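First chain A sits with chain B, and in the next complex the same chain sits with chain C.
This part shows the complex of A and B:
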């Protein structure tokens, strides 16, 4: 009797999957899951990030963020500007490029490769190259403006409150065009051919079939691209850190850089973890519907 | 009539190619600017008569070995390469074992475990930073390679499991059952049947994990700030300020940091694209 219950408890067939999963689960729990919990707990403490002394202050870190920290609101605004620009402008460029490079012509693989390449370079290298492009005296952008007689438009792009964050967005867009293009390309390749043929027979022009056929057919691709754009807009860090360090006057901070500076430069880990917690809340609000969608799809395809 | 349409078509396709080539050229201007800068002497850069976007008058190849030496690129490249070589195979083994359990073994909560893994993919890095810093300092790993290797492995578990799980499901289950009849246990099925069949997935993930490691900045900047252990992006960023009067050599260093990625990209382009959209194909 006892031996049979033991057998059930330690059924090798049931334990086996756990053995295979154990390294991943252990690492996941230790490096990902536990820190999330600890970050959330720390966000309720006043703590400098180093000393042994922590003081529990409830929601005080959040209260300070919302009511007394202008940089938090600047950061949130910048993340939003970044997201909206990417959604409307950058993604439109990606779609246009994908439509062009989806046409059958010889050499299109080469062009795809060209437009995709900057995406694989490190953001730090990209930021350094573009920082050099924006250089006030020697940079290419002011030089080009001088060459076409628009010298008055030249400026210290990254040091000017009006242009600093826009310059960062241009850099980030330049790097990201390739990945957006690839997502749209793989969506375009699933389009059926026959509706286009019958539309052509019915006298529809290219613009009409784009709006009435291509856009509706790409609905799923749009969901994916929009979700990933929103997520990556709130994760953005490297490009701001390397190009402007959040300046001038902290005006180009995003939530991720402000979290970093608060936690590791300004000795305010309490506030930093509170920002990180808010980031997670934003991310979950966007990502969980998406994950549900994806897992439902993969279950139904089983 | 026929001749005319053919002529029109030729003009159209020439215009199309011209448009694409110009667009590609404009898109690559930043990279050309980096290349031309890296081949000039500082004197040429500062001289009033030379325009910036021009081919260098005298090509200064020596900028490259100088940047390599003075910029200590050999240290940073070695560190990045070492970290990549250690962490990529470990990650591949860990995620493929998990994906194997989730797809091929009798495992009821497979979908739940997979969902929990997926959630990890959406998390912003910021939520891990402060507790990880405490852990790494407590474990005395601060400023050692392991301070980034372990988090890199953990952070790529969600994506790795997602891609391998997707790939393993395309392998017919009959292979497992016939191998079982031949006396294979589950680990032999994994190592002798499933993994050898998964070479495309392994290649894709090797490229993607290597790229993630080579380009990663935030964790490296926090956990391995010591000059001797720094990775490439961190080393490059440390020139800013130091090298502001020496843009040619600075750009030479940036260029050299991109070359390994560029070479791998040239030869394995399709794996890059597969790896990055693999999550979509699921």
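This part shows the complex of A and C:
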């Protein structure tokens, strides 16, 4: 080999950044990549999560999940409902709040603080508070309904199959509205003024400006909010665990809680890791194409 | 080039230093006894530890407390990762038996014989930590379940303590007639509803059959089980429980009892201390065993104990501490800080705890059965809880419930 070839193989300019990055990469590999790979490998075993012995069973855990485990499908359905509700309803409320609180009026900072406040409370505390509010006899909600003569609308909110999951979603939405509002607010504050002035001169009304200017300008914000919504909808755990423990009758389970119960309560770590693997695949299958599509649209529009 | 060599040397030094930092403990003092238990449990442990170290200054004890919500998970994780403590607080029967079967516990049968455990602990509590002749746990506490009621309420409605199941149902009907929910249940805590289901199993099956069903030694598809589920459904349809019980926790259900909105609650003898801690008057309460119409008239019982890590080389030291902890002197000294009643014979509680003293007096002759969430193999009790909910909501027929349990028993969840 010539010295010029040697130089190409060992170019200090190219290697140096990697050397500086290597501690972080090593740490990342140890605490993220290795457990993820190990988790995927474990999903092909029958294992109680404790014993030294693991039995290789191939795709059996996945087969059981798809064909013999009704709770898996209930959990997947619940995650999907969570995602759709958050995408369509919660984010719409966040956007509406952001639009209102972007207007200049006295006290808007206070209102921004009030709507953001639930986000800073821990989810466990939120779940406990709302759990009490949902209490069938002592809770605020049924008490208020009684007070206004609507006692017939009172429910066993967290104990009734028809209302339990919806009650959990309401609680989670209440907490999440603040952060969505903040994202949209920051997006709204970067909007250029001149297109709106031009549109106004051309006779566009507020609704037309919103759909033809605001929404397209907020594309980048939508990418962030929708991606985060999808990810958080599928990894939701704490609000379900704290409010219903997956009940009644396992009907409010989501993939993360079922994964937890299978792994740690039912001593079925193989099934738990299979659920974890599927969870990652589902999230990537939804989020990655969306981000790529939005990125391509963003580049082409530039 | 010099920069690259410099960075590489720094990296090597960093890695080497980190690898060496963890060691260097050879030749240090005797290994401390490590203990894991629930965060809320036995505040007297630290006091006993201080007495132990005062008596044996060369010995050390390290305590790790884990939140109750994560306790089962933490125990399985530490064993899976090989970082389990020398001894840990746990329950017996099938719950603790699971760890015996997996080889995680030490066989302390000989230690028990050498230290006269048959005269030190109640036989019922020793049995809970004995698996096929192998003693694997040191009992600490023993708890029994009873139906608690308010004496003034019974007097007001002319009720007397029922001796038969029929008499219990007539009391239930009286409560209902007076607008009071007969039973306070927080079914969101599945084990709270489980106690009612367990009592019905005991009533309709009797001791022998119930114990066989618990460990799936016999078929679940049988008339007795169908009758149990029919009766459980009837309880739900006839509004024997507080409204909305499926969405209520046990700690919320007890408030209804305090408020006089419910007539009875199936709780352990700790009900008295709960009342005191919650600012209620425990003297207005009394209790009776759920009448099952069998001569034994068993009630459900569970024990807590120390289990010892079979993979640890420090078990003898851990057992020494365990013996000190369960000595009569220490148990009496800190009795109310150790979640009484103690499994150690001869330990009474202060006279003001009338209910607890009454229960302790009953222990020598009390006939007991294991609660399902400890007596059934892990994972299978979750199915038992699932079926009881489905029966009450009408999502399963009694036949379907029995068939479901039969199928799950065959599959096994281990």
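One rule holds in what follows: the second predicted complex is superposed on the first by the 261 of 302 C-alpha atoms of A that agree within 3 Å, B and C clash if a C-alpha of one lies under 4 Å from a C-alpha of the other, contacts with A are read in each partner's own complex, and residues count from 1 in each chain.
Here is the rule we use: a contact is a pair of C-beta atoms (placed from the backbone, for glycine too) under 8 Å apart; a residue touches a chain by one contact, two chains touch by 3 or more.
Everything numeric here is computed off the predicted structure, so don't read it as measured data.
Participant: Touching A:23 in the superposition: chain B (first), chain C (second), both, neither?
Facilitator: Touch status of A:23: both partners.
Participant: Quick one: classify A:105 as touching chain B (first), chain C (second), both or neither.
Facilitator: So A:105 only meets chain B here.
Participant: So, A:36: does it touch chain B (first), chain C (second), both, or neither?
Facilitator: The first partner, chain B, only.
Participant: Touch test for A:51: chain B only (first), chain C only (second), both, or neither?
Facilitator: Once the two structures are laid over each other on A, A:51 reaches chain C alone.
Participant: Would you check which partner chain A:15 touches, where first means chain B only, second means chain C only, and both and neither mean what they say?
Facilitator: second
Participant: Taking the superposition as given, does A:117 touch the first partner, chain B, the second, chain C, both, or neither?
Facilitator: The first partner, chain B, only.
Participant: Check whether A:62 is in contact with chain B, with chain C, with both or with neither, and answer first, second, both or neither.
Facilitator: In the superposition, A:62 contacts neither chain B nor chain C.
Participant: Report for A:264: first if it touches chain B alone, second if chain C alone, otherwise both or neither.
Facilitator: both
Participant: Check the contacts made with chain A and report whether chain B or chain C touches more of its residues.
Facilitator: B
Participant: Looking at A:159, would you say it contacts chain B, chain C, both, or neither? Reply first, second, both or neither.
Facilitator: In the superposition, A:159 touches chain C alone.
Participant: By the touch definition above, which chain A residues appear in both interfaces, chain B in one complex and chain C in the other?
Facilitator: Chain A residues touching both partners: 16, 19-20, 23, 49, 131-132, 135, 138, 264.
Participant: Once bound in the complex, which stretches of chain A touch chain B?
Facilitator: Counting only chain A, the residues touching chain B are 13-14, 16-21, 23-25, 27-28, 30-36, 38-39, 42, 49, 100, 105, 107, 111, 113-125, 128-133, 135, 138-140, 143-144, 147, 174, 177, 179, 182-183, 186, 224, 231, 234-235, 237-238, 241-242, 255-256, 259-260, 263-264, 269, 272-273, 275-277, 279-280, 283-284, 287-288, 291, 294-295, 297-299, 302.
Participant: Quick one: which bits of chain A touch chain C in the complex? Just the residue numbers, please.
Facilitator: 12, 15-16, 19-20, 22-23, 48-51, 131-132, 134-138, 155-161, 164, 244-245, 247-250, 261, 264-268
Participant: Would you tell me which residues of chain B are touching chain A in their complex?
Facilitator: Within the complex, chain B touches chain A at residues 13, 16-17, 20, 24, 27-31, 33-34, 37, 45-46, 51-53, 93-95, 97-98, 100-102, 105-107, 110-111, 113-120, 122-135, 150-151, 153-155, 157, 161, 166, 169, 186, 190, 211, 214-215, 217-218, 222, 232-234, 236-237, 240, 247, 250-251, 254, 257-258, 261-262, 265, 269, 272-273, 276-277, 280-282.
Participant: Going by the contact rule at the top, pick out the chain C residues touching chain A in the complex.
Facilitator: For this pair, the touching residues of chain C are 1, 3-4, 7-8, 11, 14, 72-73, 76-77, 79-80, 98, 102-104, 187-188, 190, 242-249, 252, 255-256, 261, 378-379, 382, 386, 389-390, 393, 395, 413-414.
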